[in-house]
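Can you keep this structure in mind? I'll have questions shortly.
Each chain carries a letter (A, B and C) given by its place in the written order, and its residues are counted from 1.
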Amino acid sequence: MDRALFPEGVERCSFGKFALWMGFITAFFLFGLFAMLLIFYKGIVVTGLDNYFGFGLWITFDLAVIALGAGAFFTGFLKYILRIKQLENIINLTVIVGFICYSGAMLVLTMDIGQPIRAWFGYWHPNVHSMLTEVIFCITCYCLVLIIEYVPLILEQKQLNKIPFLHHLAHNMHVNMALFAGIGAFLSTFHQGSLGGMYGVLIGRPYAFREGFFIWPWTFFLFVLSAVGCGPIFTVLVCTFMEKLTGRKLVDFKTKALMGKIAGTMLTVYIFFKILDTWAWANNYLPSVGMTFDQMFYGVIYGKWLMFTEIILCGLVPAIMLITPSIRNNPTMLYTAGILDCIGVTLNRYLFTVQAIAIPVLPFDSWQTYAPNWAEWATSGMIVAYGFLVMSLSYRYLPVFPQERMLNK
Amino acid sequence: MKAKEFNIKWGMVIDLDKCTGCGACMTACQVENNIAPMVDASNKLRTLSWMLVYELSNKKAAPDAEIAYLPRPCMQCGNPACVPVCPVVATDKNEEGGIVSQIYPRCIGCRYCMAACPYHARYFNWEDPVFPKGMEKALSPNTSARPRGVVEKCNFCHTRLMKAKDKARQEGGNPEALADGAYMPACVEVCPTGAITFGDLKNPEHKVHELAKNENAFRLLEKLGLAPQVYYMSKREWVRKLGDNYAATGKAGAAKKHS
Amino acid sequence: MGLDRRGFVKFVVGGVAGTLFTPVIWQGLDDASIWSQNWGWIPRVPKGEVKTKSALSKLCPSGCAVKVKVIEGKPFAAVGNAANPMSKGGVCPICAGGAQLLYSPARVKSPMKKVGEGKFEAIKWEDAEALLVEKLTPLKGQEGKIAAISGDETGSANEVLSALLSGLGNAGGFAVMPGEMYTATRGVKLMGGNGQPGFDIEGADLVLMIGADALDSWGTSVANLKAFAASHPTGGAATAQYIYAGPTLNNTASVCDKWLAVPPTATATFSLALAHALIEAGAVSSAADFAEYKALAAKAAAGFEAATGLKAEALKELAAKIKAAKAPLVVAGASFGQGAGALDFVAAASLNVLLGRVGQKGGMTVLGAAPKAIASAADRENAKDAASLLAQVATGKAAPAALLIYEANPAYALPQAAEMAKAMGNIAFKVSFSTYMDETAALADLILPAPHPYERYDDAMNPYGVAKATYLAGKPVLKQPVLDVKDPVDVLLAAAGKLGLSLGFETYADVIKAKAKALGADFDALAAGGIWNGEPKGGALSLGAGALAKAAPAAADEKAVALAPVTRLAYGSATLATPPANLLNVRDTELKGKDLFVQLNAATAKKLGVAEGNKVKLSAGGAEVKALVHVNEGVAANTAAILLGFGRSAWDEFTKGKGDNVYKILTVSDEAGTGLKVWAGSTVTVAKV
């Protein structure tokens, strides 16, 4: 019944099936929405956060989705600035993934702050020395950029595009897209870095603190690199997941492998520096503040296995897999490496967020542990559900995949 | 990084050998700063305690066990970890005296400062202040009640500093050179053993000036380089050693690389 | 399409710009920042000039001389009174939050009459007072029909109560809640003296506290802390040594030069073994019973290691320190302020006699009896103890028909509390004069709300521990009480009048003024924060060997461990549940949620087969207390330490149902030779649940 709205020349499932799917996702969304309203009403006392863990699942979630959403700016940068033409096959998807990740992260942030009504104080009373100010500025600005990048895609919807004004608008926006891609790349690099900087400047948290270059601690650069090392491959994973779900080919494997190569290259650079950084931190910085490597870990919940999983299993291993053409060109291996890569970066964000503040710095203090409660999971789940909804609608009605017609002939 | 310097540096020297851990400072702090009583105060991960008395142990078996109590106000660091991270300038170290301020109407409650402070001196206001019926009539005039969702902390009873300065002006004195004892926070005022000495660390006429230089004086986590304005002292070596991390070197007084 | 691209852009840009010129956005943002700070439900703070008024804050057992800060006529904070030598500017953690307790949710708001099990009805004062007179009238002149329990150790209200009972023909009905003053005065008698003992901590250069938690919950703790502080100048060398011998590494022990872990069952053994070590080191006494004492000490020394788990070496070191000191003082007391027999006291106090420290500066003193305001009142030390009274009620040996309870909580704060509360059920008419809805008030037939210290006249004669006769008095800080309360003494005096008995006074204020006059003190100066002191006295005391010889050594029970109830002043007292503001002070290794922790050292825990976090029950005398195990090396061998003062069944949401009442498992026994009820040496069995 909604066939008239489909992109030109592609097949979609029946409306009933689609409605069922959307209903299923909406249930999750509504549950999260309930948790969110409860949080706005009662405050974040309903979460599992506490005096020791002011940051928890939400911040980890934010950092992770922002890193994973980095495919948008980096692919945009490569396509529009470095003119790698092949990437146009997947560029729309990166924009949508990026948009979902960033808008979702902003929503989580408004929940996460104790005074959501004052969320705009970040602009009104900015502290130029705070990495978080930079994050607030760049994330909101970049989210606007992503909207600008997303809008022409919406306007290209078959029926909307028939309206001459919208058609022209979309066209004009497309023409200037390189400009936005450039702005996006600039903004995104900075806030990815600033997110790392947020932790690197914590002089009171030996797990996170790093020295650095000029005003930027090393974590600034490591976060940028790790984001571009996982963002592109995350888009590939999303694409492949959609292909499995819909049973249709959406992007050719060559493009996916190229994205894998891009991510792999960046991940390799990243992991090289990450290992160097960790080595220097453990052998130089920690002793200088009287602490040892062993003191940074505790039991199973904050054990060393986490760091080894992050750096070796989910860092070094996927990096090697992705830069080795023979491995990368095997679809199963590519996706496996991609999954490991994304887990590694997410784990990195988790460790910097949670482990860093779980460590008792005062010698007479003790380890505290943190587990998110239902309200945090539900709201995080809401963002995922929101992403599924946006993606489902976009897939069904918008011309996201230029190759789809050709690949499914 | 260099610590911010002022001509006046309000600070404390807390003699841990005199602190019995009675808790009068914690009570007086709550009273002065209008902290609402908590029904379940045993969940220390959700309580508000601007002043918190820690219990330190020498970790020896009975009968050689020893304990000490350590009151922990805000350290008012010379190089605070919390100030530069605040995205909205809700906390600053910009006033003569070096007290790290906290502006509740400005704070958005992001808790980045809490993540930054290794002393756990900052507390998030999890719930709106609810006093048992009638008890709001016993509120102190010195600190406004804070809504939920903001971060709060000890400010050395800053209103008392303002009042002491006013008094000095009225009496023709110099508000920038208060006499020793003219200004003291609530915890200092009530402490039954006088374990907390308070004053201007830079003023030779104030007792803290000399005490801070005592051979037994130390600050918490000095190696991190936050340069607290709160000093502790103890004749017991094991207590002094608990003031900083020595696992890496095994001995007190490792190089201070980061100050 | 009427709207071309240019037109659309114009519309959007114009619309946004136009809105920015209206106040809508700016006003909205401004309002948002104001609202988010000033929601209607956020309480406003008062403005105005702060005044200070002197008060006697009898919220803690010894009473603090405080300066109350008042704004708009309302108290909001209390600090120590620097001009008063008992305070010297210090205040205890209870009295520091005194202003907030004015509005404690546990306060009784008006007179209440019981109308059913656990049900009360608010009544008018005139009806309440009429009911009191109506119930007492038929009992007048009948010996044994009226009894009274007072929980106040120092106030002249006791004289009124005692005189009232005598006047009504019930002179023997006056009982007091257990406290050190009571047993120690008995102990002094056993040593041939007469009066309340005092300890000149300030003047001593070595203070050995045996049991007595003198820097926290024992005696005049603020004055003691000030004495400690004076001898330990910050940044300077200490001029006195402080040593604590007791079951736990408590607040007092935390600042002492040495802690000797002595189980509560071995207090007397420790004292006598120390006497032996001192005698070995050359100490002699001219007291007539020295030879007998010496033999007793030698016997105790033989059993020292087994009884305490300490090495004999520790005693030798201690004896050497004491010998080297110029003015050593032994402070004797139960580790939780009650329940020790007179003999524990005698054993410790005899060390002062042995060392020749009685009546010396920095030594032990004996305070003579103070002049009374009401001649017909009995002497304090002649009162019954409440535990004995209720034990007699339980067995039918005593059968009062009316019980007046003044500032006391016998249903909660007596050993074997459950039995005591049950015994109270045998008394037909119980009147509780109480500021708070405590467990006893909840059992009473009539509750007559008493004022908070800031709302009343009150006094304190010789708070326990002072070295010389001391008198403090105070008048109300508030012009009007914040609730519909009346001073219990005023009520009792009025009732006496209606019962045809004149005690010579109409109000408590008059009684206190008369007391001051009898002492030769100026009431107005006292009410302004002053103090009256008499001269310290000595007196020849024996070593108490005769009494000590009768002491039966505790029967060792292999399965049981000694119970060390722990009091911390900040957490409240026998008459006050933990104040709301002080709950924060309670550690999460002491109370977590609704569970108390029992503290055991690792060796004891191992022996009992329990580990950190285990849920256990402590049982004794048919009652039990549930707790979680916390392994704590600050506990003596074979000893289970647990906080006293929790497990409230009345009061308020801040305390009700939290933890368990340890009084339940304190078991009373009769002390050989003195006939006193004792429970400081209670033992319990610990079992996992």
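Worth pointing out:
The criterion applied here is as follows: a contact is a pair of C-beta atoms (placed from the backbone, for glycine too) under 8 Å apart; a residue touches a chain by one contact, two chains touch by 3 or more.
Treat the numbers as computed from the prediction; the structure is a model and nothing was measured.
Farthest from chain C in terms of Cα centroid separation is A. Every chain gets a centre from its CA atoms, and the centre nearest the mean of all protein CA atoms is that of B. Here the CA centre of chain B is 30 Å from the CA centre of chain C.
Spacing of chain A relative to chain C, judged by their CA centroids, is 60 angstrom. Computed from the mean C-alpha positions, the centre of chain A lies at a distance of 39 Å from the centre of chain B.
For chain C, the set of residues that touch two or more other chains comprises 33, 36. Touching two or more other chains at once are residues 115, 118, 121, 124 of chain A. Among all residues of chain B, those that touch two or more other chains are 44, 47, 57, 128, 147.
Across the complex, chain C meets chain A through its residues 1, 3-5, 8, 29, 32-33, 35-36.
The residues of chain C lying in touch with chain B in their complex are 33, 36-37, 39, 41-48, 50, 71, 74-77, 79-80, 89-94, 96-97, 99-100, 102-105, 215-216, 221-222, 225-226, 228-229, 232, 234-235, 249, 251-255, 259-261, 309-310, 314, 482, 568-570, 580-588, 591-593, 601-603, 633-637, 652-654.
On the side of chain B, the complex with chain C involves touching residues 13, 15, 17-24, 26-28, 30-32, 34, 37-44, 47, 49, 53, 55, 57, 59-63, 65-69, 104-105, 128-129, 131-147, 186, 189-195, 197, 207, 210-211, 214, 233.
Interface of chain A with chain C (complex): residues 115, 117-118, 120-121, 124, 163-165, 168-169, 172. The part of chain B that touches chain A in the complex is made up of residues 1, 44-47, 54, 56-57, 70, 79, 81, 84-90, 106-112, 114-120, 123-128, 147-151, 220-221, 223-226, 241-249, 254-255, 257-258.
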